[in-house]
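Each structure below is given as structure tokens.
One chain, chain A, appears in both complexes that follow, with chain B as partner in the first and chain C in the second.
Coming up: the complex of A and B.
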């Protein structure tokens, strides 16, 4: 109880509340702009959080992400450009609803459904995280190693591009994390005599380059915004009646979103696709899906934010992030000395409860801010792209510089931004690279410690019961995906052979 | 006619080479006397995996040499005017953007943040298709605001340049 009271004082102070409000407005603006993602909003915020106290820093990330993801429904509904991969699942329905003059209803479902889903995810996180943390207290380096590898494997394998590209993305991240002095013996690795590399590659310029610079390069100069075809007059009119009509979808979407989001390395994007297709399969009117029907929108919209909240479970309890945003947040927690893991919940529960309270505030803030954003969507879309790109790039430069006060950070940002641009062009996912950079030191440390304990015997990694289960699960996941990939690789050739 | 995705081909070769290099370098890192593992253990695992997956991607790229990549747009290009023909400045946007950042890396320590930042923003707005007036006004405001945010708000020094 004392911890909860302490958490209240950590959150309900002017600094934290102002940070939450400002970050939410920033997230809303970035998320509402087509081509700019929630991850980019987070990446641009991190250099600022570097100079904040731990709770406001993490509050900034939570508030901007939650708002950016919800605001991502605006360009999807009005311009048919999904703001996030998750909102791509139901963009066809929301856009068709706008075409039928129901833009307000579609956006309202997205906003209110997200708030309800987010609050459900919060309750799920609140009750499961402490129990999981107690369980995780018995974990040793063996279990942490396998859990991290399982999470990273899932993130890499379900990413776009297939097994090889997903795996290579992850390995690139792990390789970047190895640059610098070896933690075991102090031997410099892959520094090429460059003194700035001895301290390693900071994840902040890396992340800014990969998400912000690469994104500007990807959208480029030609990205012009059309004028929305529909006006949003009263965004919330009729939403409650619609949500009540599809209450089963709302509840199911929230539950499945919470469960999928809680899996280490999986994150929320996949969950929205799963529940949208589930809604279609179980609907009495599946033929209406994709033609402006709100049923799938309700379910997948609820899933979005429920998964967002519960994706913090593996991040907070085990220090294993589920997606790029929580990977960035884990990086910030480590930077602030709030090492994520079971100790965060058992030794410093006030910090955990404070994060929970920020979730609630961010979700409730979505209602007024979502309403304002929907009403002023036209004005947001009218911001000239030339000005926006220039501002983002200037921020990328200053943000990368400010971490160590050297231009080396800007050089890292530039180099990794270019690499990410080409990798993305080739179909690679960028999130596993960031996960690799953030989790690389944890994986290596636990791997090396375990190998020292087993005297270099790899089979020793399977000797403890939980680590054996996690290890076998990891191998099973890889085998399953490799089998599927081999099957897929040879299928087109057979078809081509038949046609020839 | 054989069509290979050249970008995939180049990337897979690069990953294979980097994987091989990392593996070779890691194998040369010796363990401390009396220790079962050394600093090269984890790099050797990641290097070997990268080498292997690089080769897998290389083979996959070759096997898919006659298969056209799917051309499904994520959104309706016509809605946003993206179906217009690409101009020379469109094609040069990214190389010029990168050159501008390189110029910032070189000149900011000398000229300072305020001068370099303003010139950079003006150049970027012009490159993005904005007018001179827009570029100058926005360049001054944006650079000034960013300077104020970092220097006075966050107490983070930005490069002052040779003029201090």
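Coming up: the complex of A and C.
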């Protein structure tokens, strides 16, 4: 208890609180700008943290990251430019809601859902951190392979526009993911001698092109596309009622997010896709998904933020960072004499509690900042669509340029944007393509690694207990689906036979 | 515009231009290319160097993470820049290997070496419950059959892979029989080790420290010739096996080939101040990175030696990119 009181004094002083506020505002801006990511926000902050005391330094990273990721939903909702791979899972719903005049509700669900998910993650972590870390450490390439395959299957099976088109979209994404240097042997693939393609097709320009540019092309010529917004005075009106209606989704999303999020490298990106599919599968109105329905948004949004909190666990307990952001944070922790490891919880518990408190404060800060952002954001809809499109196009170009500071990113964005425009016209969903690009390398790498370990024995994929469970689950999902569609194909004939 | 106005403008322009030529380097912002992603060790050390250099040179330094192709993209980018001192870059271990492995023609001779600031030997790790209790157990096992030991530590042909091959080679075992599981990075390999999918991991110490502290894995030996004062219980391989070991990771600052000598001298002397400063030492110490300084010609000689040592190990093992 002493440690907790000490932690309170470490956090509740003017310096730390000011740092948290400033970093949060900074994160909000970076996250809300399309193409600029939480990773970028964190990397930019690192030189500043050299001059800070340990706790404010960590606080700066945590506050800016949490805020940037939540703010990444803003351009997704308003302009159909998702900020993170995870928010691409539900961007279709949040954007369509905004187009129906419910931008405030969509942003509110995002913000308040995030706060609740984040706080849930916090409570969850307080009790389970060491056990959760141990659980995550048991995962090898075998388990990751099945997890990624399961994620891909979800996307294909629930895709709007049918399984065949969803599957084709997914394959296109996997093909795009193949471009670049083979991750294990270094052999160039599909690069056609273009040196810039050896780095692969970056995910951010692809996402900006396929979602935002395609939308600009679709709406480009219409000068007046009025989208009157409801609840202008109080953008968050009705949010709590909506969250209460879908409380089951909120809780399930948070729990699954906390579990999957703890898996280094896979968790954060994958979790929201899994729960979005789950929400659609169990929904009473699955046909509304992808057309501006809040149910999937509630569940996947909660997942997103719960996963964000738990992704810190393997990094803090075992020094295994799951993504660039936590990797940078681990660097800052070490530099400030708080080396990751189990001793972080035992020898200096006040530091650990202080870090946790910063999470809580950053999450609560999201409410007022998110509210202000939502109120000002609605003005976007007062701009004629054609003019807005010009600005979006500019953001698309800047965002895709900024990833590697090359025009090549812009070329990728333009090419994939045009492809996505025609695909959407023919009823193909875009989300599975994005998931293919994100998960393709994971499936491939973990499969190759596993095959090298087992000397090419495919049955080795079922030898480890967790891996076997995941593998059987994946096969079961597909068998049920195939069985179901075979039954559907044959039933009408039987009926026809009976009537004869 | 009258003739006189034109002449006056021309005169101004000439003065401005000649002034530019005479002014001392640097007089505008410098770009620092980092060939690895934001958040890694190269990025972190590159950023602190940029911050400290900025203070001393009095010009802003913009950092560009040009990633991909196992560092090839970033190194290639640096090579093709104008050698005027306004684009410099972090160059890393991989540069000692590209040519021998055949993944790229890039070598240290494509760059003007400015200074070496870090070198870290890797270490050998096993699971806490591994049958290899000491480094001697492992050495015996390697001598018996290296193909029976599943080892990992980042990519095929990477620094840790070469170190493992070099070790097997120096112990007199058949290095072409090595069982290497390539991964995306040392932390992934450590996760494979902790989840009991492989038998041995080769990694630099800082990346593995938390897992060691947690009692999940154990270090057996350093792949270097000196004991690390911070880990006095971990023997260097030279002591344990009686071999000289020259394969280790390094990081330095370089510029495109053909950098004017005065600019090179200015950068090298400023970088030396930075690398030997207490601030830098504290930072590197905090991250468990070893600090070492070798400027200009010394750095070039060091790179030449690495080129040969890495080349020998790579050649014997027959590692080739297609």
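Quick note on the criterion: the second predicted complex is superposed on the first by the 272 of 500 C-alpha atoms of A that agree within 3 Å, B and C clash if a C-alpha of one lies under 4 Å from a C-alpha of the other, contacts with A are read in each partner's own complex, and residues count from 1 in each chain.
Rule of thumb we're sticking to: a residue touches a chain if its C-beta (ideal position, glycine included) is under 8 Å from a C-beta of that chain, and two chains touch if they have at least 3 such contacts.
What you see is a predicted model, and the numbers here were worked out from it, not measured in a lab.
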Query raised in the report: Does the superposition put A:452 against chain B (first), chain C (second), both, or neither?
Result: both
Requested in this report: Answer with first, second, both or neither: which of chain B and chain C does A:390 touch in the superposed model?
Outcome: first
Report task. Give one of first, second, both or neither to describe whether A:46 is in contact with chain B, with chain C, with both, or with none. Result -> second
Query raised in the report: Touching A:405, do we find chain B (first), chain C (second), both, or neither?
Result: both
Report task. Based on the superposed arrangement, let me know which partner A:216 touches: chain B (first), chain C (second), both, or neither? Result -> first
Requested in this report: Could you tell me if A:178 is touching chain B, chain C, both of them or neither one (first, second, both, neither)?
Outcome: first
Requested in this report: In the overlay, answer first, second, both or neither for which of chain B and chain C A:18 touches.
Outcome: neither
Query raised in the report: Which partner does A:336 contact after superposing on A: first (chain B), second (chain C), both, neither?
Result: second
Query raised in the report: Is A:194 contacted by the first partner chain B, the second partner chain C, both or neither?
Result: neither
Query raised in the report: With both structures placed on chain A, which of the two partners, chain B or chain C, ends up touching more residues of chain A?
Result: B
Query - Footprint overlap on chain A, comparing chain B with chain C - result: 184-185, 187, 405, 452
Query raised in the report: What residues of chain B sit close enough to touch chain A in their complex?
Result: 5, 7-8, 11, 15, 18-19, 22, 25, 29, 32, 35-39, 41-43, 45-47, 49-50, 53-54, 56-57, 60, 63-64, 66-67, 74-76, 79-82, 84, 86, 89-90, 93-94, 97-98, 101-102, 104-105, 108-109, 113, 117, 120-121, 124-130, 134, 138-139, 142-143, 146, 149-150, 154-159
Query raised in the report: So in the complex, which bits of chain A are touching chain C?
Result: 39-40, 42-43, 46-47, 50, 137-143, 180-181, 183-187, 195-196, 198-200, 264-265, 317-321, 324-325, 327-328, 331, 334-337, 339-343, 404-405, 445, 449, 452-453, 464
Query raised in the report: What residues of chain A sit close enough to touch chain B in their complex?
Result: 34, 48, 51, 79-82, 88, 91, 162-165, 167-168, 171-172, 174-175, 178, 182, 184-185, 187, 189-190, 213, 216-217, 220-226, 384-387, 389-391, 393-395, 397-398, 401-402, 405, 407, 410-411, 414, 418, 421-423, 425-428, 443-444, 447-448, 451-452, 455-456, 489-490, 492-493, 496
Query raised in the report: How about chain C: which of its residues touch chain A in the complex?
Result: 37-41, 43-44, 47-48, 50-51, 64-70, 72-73, 76, 101, 103, 150, 155-157, 181-184, 187-188, 190-192, 194-198, 206-211, 213-216, 283, 286-288, 321-322
